[in-house]
Amino acid sequence: MNEDYPKIIENIYHSVLKGENLGKIPTYIPELGQVSDKKFGIFFQPLNGATFGIGDCNEKFSIQSIAKVLSTSLAYSILGDELWTRVDVEPSGTPFNSLVQLETDNGIPRNPLINAGAIVVCDILLSILKNPQEDFLNFIQNLANDSSVTYSERISESEKSVGYRNYALCYYIKSLGNLENNPTDVLDFYFKLCSIEMTCKTLSYTFSFLANDGMTLHQSERILSKSRTKRINAVMQTCGFYDESGEFAFRVGLPGKSGVGGGIVAVMPNHYSISVWSPKLNDKGNSYRGMKFLEDFTTQTRISIF
Amino acid sequence: MNEDYPKIIENIYHSVLKGENLGKIPTYIPELGQVSDKKFGIFFQPLNGATFGIGDCNEKFSIQSIAKVLSTSLAYSILGDELWTRVDVEPSGTPFNSLVQLETDNGIPRNPLINAGAIVVCDILLSILKNPQEDFLNFIQNLANDSSVTYSERISESEKSVGYRNYALCYYIKSLGNLENNPTDVLDFYFKLCSIEMTCKTLSYTFSFLANDGMTLHQSERILSKSRTKRINAVMQTCGFYDESGEFAFRVGLPGKSGVGGGIVAVMPNHYSISVWSPKLNDKGNSYRGMKFLEDFTTQTRISIF
Amino acid sequence: MNEDYPKIIENIYHSVLKGENLGKIPTYIPELGQVSDKKFGIFFQPLNGATFGIGDCNEKFSIQSIAKVLSTSLAYSILGDELWTRVDVEPSGTPFNSLVQLETDNGIPRNPLINAGAIVVCDILLSILKNPQEDFLNFIQNLANDSSVTYSERISESEKSVGYRNYALCYYIKSLGNLENNPTDVLDFYFKLCSIEMTCKTLSYTFSFLANDGMTLHQSERILSKSRTKRINAVMQTCGFYDESGEFAFRVGLPGKSGVGGGIVAVMPNHYSISVWSPKLNDKGNSYRGMKFLEDFTTQTRISIF
Amino acid sequence: MNEDYPKIIENIYHSVLKGENLGKIPTYIPELGQVSDKKFGIFFQPLNGATFGIGDCNEKFSIQSIAKVLSTSLAYSILGDELWTRVDVEPSGTPFNSLVQLETDNGIPRNPLINAGAIVVCDILLSILKNPQEDFLNFIQNLANDSSVTYSERISESEKSVGYRNYALCYYIKSLGNLENNPTDVLDFYFKLCSIEMTCKTLSYTFSFLANDGMTLHQSERILSKSRTKRINAVMQTCGFYDESGEFAFRVGLPGKSGVGGGIVAVMPNHYSISVWSPKLNDKGNSYRGMKFLEDFTTQTRISIF
């Protein structure tokens, strides 16, 4: 473990903070639009050694689509490879909420991290979990080692009130035969899932099992086998940033996932997980400062998966 | 370096050889259709330690699209990031020869490893190299440390005689304003480039600079900076297998590139490069046995970038 | 008026009845699937001279999408050309329920006769009519000169229970900003509208105003100006048969509209309107025998708009 | 025959001339860009009664895509309905030079009046005519009753030098298996065909056979049967104005065809043919003043096919 990581993080944090804060806070979800665009936090969670946080790293924010990695992990841990008969693992090459590909792909979403795919994963969890919302929350609280992590009623209601595109996607998938449950039930769960709030600190810890061959750090509990952990990381790598996934691989070089709440979490297998939060998004829907920070971070540490 | 690599390779080689040999040899390029579908070779090139080859690893085959990583590397080494104004780094989500996305993307191909992107890279090299065909060959011979590597007139003429789709792509890009040179000149170069023949052994060695932070093994000559090497690997990872790129990342977990000649080369940064050759292709156009071997290989060695 | 029309109709009726009855009854709407595929009726309504009906021409059937011409006419008569800011008049070149074009056309449906366009017209009527369902029914009863024409609760509920694609379309248009009302309200109206039942006889009479320069036959009441009538006919001509509109123009040569209930109505301006009903649909969703009859009819009468 | 036609034409001519002259002359074909944008001519050719011309109706211009109706007519007259196995009769809903639909339609162009379809028709004529260029010219001269009608070497060379999109289309169709001849031969013929020059007077006369049930006026020579003439008119109606075909049907209500040279010809079956020429094109590629004139013309004469 490189001793200089905290120093490097601190330096980049200050330089990014001094630099431009381009992009904008999405206004289509009313509640998300109320966050201050000055927020900027980072939390570094190594597998071994001291953690390091800076800025607003202990303030909760809406992790949004980042939760899709966790729902996918849960479904994968239960269903195994049968999961991939309902959703594919290919980058989509299109925006996160596109309906077009579904028409040619017979309702099989390209991957579980675009909205269509996450909706199908929600449908799967609805079918296989006894108490879906509760069970999923327990799963996350266990990963986070923090029983205070929860859904935000306020955010999920806000998204539901304007989530027409997601309704369209969900009904479309239903019409193409790839949804077992009632669309409104699936969407209720989907909006709940996207409303989870965490701090950078909790988020980094929650994702550390993906850096740790599938095991939680606190209990060495196996969540996913090593091989399946690799696969989840691969899907994050190729699909985690919508139609900017190639750009993230190119500039940052780590598997990761972003959310429209301005959060990004990335994983360096066998080494660390790291989270950044800054609410202003570039035009692909990814945190402007988050991307900038992580690019500088992997460039200066000279460590990436490539 | 794991001492058991040769043993593992040998075991998987035999088990894959005993297993099914699905898929088919592409017949649309007459010359390629004449190769025996029984060919199967593997060559392992570690950065340190002994190399290991098995099967038809010393027989030349047409590397086809694999050469596109090399032309991109050469253009990147000369132009730097200006290269990415002409071609993007995003996975396409569509087959290798699709024209559709160009229409919406104003003639900027999604990445340099699909045909459209490789054509633009050829156009760039035509503009910046004095003797394009000769200079490019020298570049490859230097990487391969083998001056016998050359174009196959037979293959390039064969492809040219039926390469209507590539003509269509090239003229289309020209019509969209992203081609400086004459389409027929660009295609002449493109078909030459795709006709390069190598053995698995040479191919693994040629790509070892991408595992070695951008430097050749024999002379420690810097071809690309560490940071640019990372980026080329990232592009291979997300775009190297057309619309099966996610699948390759998912199953194998290494940056790599395939060609319709049945070759696949993959790179484990800081560790090794490895090539496989088996001519029968799955329906996405990637070597059936090549994919199978590499999946088993990273699963059994338990080493991948993820 | 050609004296031989009844004779010609009778002859073709018998020859089509003897011929093949290809295609199939759509099963995706449960209630529609219960109709006998042997039903075959025709009703000819000239502007001057005697009407003529044959076969099951006095049996009610679900006119389905045919009603979209009537809702468009009503909206046009109230809004005038402002209507065309919400929906275009171009053939779509795609199936009736496609979502793809909406994504590139910013939520403006290609024409009012595909599902997306008809949904937008329903939204418009919801906004401008006091009692939308009642007012629209009055409009149709007046055209039909028959106060018994009504919605089928059974059919509209049946369609609603499986109309996922239409829900998807409607929410999608909402997300793209081209819907004023609540999607579920719009769809309630839409499914009602599609559930109207008529006999061939009533249907031919209802559409006679489009052959009569926009005036009803019984009261000479002006529904649309001559110029607007021409435009509605033009839209039927270019868009009335989904992605078989060209084929219908080519083979039949009359403005017309089909419905998945197996009905087709066509109009020869200044001469007549004519309806056919036969439930088995070809793979474009248009009545097999209806198409066949009308092609033979315009071929043998040697009269079409071309 | 309405006695007032010349008067109406004259009035509209002057009013359009006084009005705006929006749009622009296409500059992508160098030679076409040199025409004065002030040109404006009209020629009216009734089946019975006196012809009437005004403005620049006796000046030659490049008829461009208008010639595609004639090549289709010639192919149809020789091949009969077999023609429609190579090209469809559906409106495309996309711009004239789109490649996208070909990918989903297996190389069968949507209709013979978009570029892709016209290229396939050229391929057909190359296969079935002894001396294609000569024979086609003879066919047109006969229709025009004017042996001075000819190709413009200057225009065809100019288009060829920049016709990259058409090269792309042609090679693409070849790659999809719907082209028998060599793409460059097909394109040579295609560019020749588009280079034909006529005056409004000649153009109206040339198309009069389509108003006259398929027979030339001067010799009553049958070019097409009544039924086939109807079908050509139907194709013009639904496909003659690219993705503005619906708009033309809606506003004008006649079968017609436009060319990027600024010409439009339209046909009122059993009554007349009429041509307009004004070089500035709207953003769909159709003559701005031509559209305006014809809309006013059918509105004021109150005669259209609808």
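The first chain written gets the first letter, and so on, giving A, B, C and D; residue counts start at 1 in each chain.
By our rule, a contact is a pair of C-beta atoms (placed from the backbone, for glycine too) under 8 Å apart; a residue touches a chain by one contact, two chains touch by 3 or more.
Since the structure is predicted, the reported quantities are computational estimates derived from the model, not experimental observations.
Asker: Copy of B-D's interface among A-B, A-C or C-D, judged by over half the contact pairs being the same?
Answerer: The same interface as B-D is formed by A-C.
Asker: What's the distance between the Cα centroids of subunit A and subunit C, rounded to whole Å?
Answerer: 47
Asker: Whole-Å distance, subunit B centre to subunit C centre, using C-alpha means?
Answerer: Spacing between the chain centres: roughly 55 Å.
Asker: Calculate how many whole Å lie between the centre of subunit C and the centre of subunit D, each centre taken as the average of the chain's C-alpha atoms.
Answerer: 31
Asker: So which stretches of subunit B touch two or more other chains?
Answerer: none
Asker: Viewed as a graph of touching chains, is the assembly arranged as a line, ring, star, complete set, or other?
Answerer: ring
Asker: Once bound in the complex, which stretches of subunit C touch subunit A?
Answerer: Subunit C residues touching subunit A: 98-100, 103, 164-165, 167-172, 174-175, 183.
Asker: Inside the complex, what are the residues of subunit D that reach subunit C?
Answerer: Of all residues in subunit D, those touching subunit C are 88-94, 101, 110-111, 226-227, 229-231, 233-235, 237-239, 243-247, 249-251, 253, 255, 269, 298-299, 302, 304-306.
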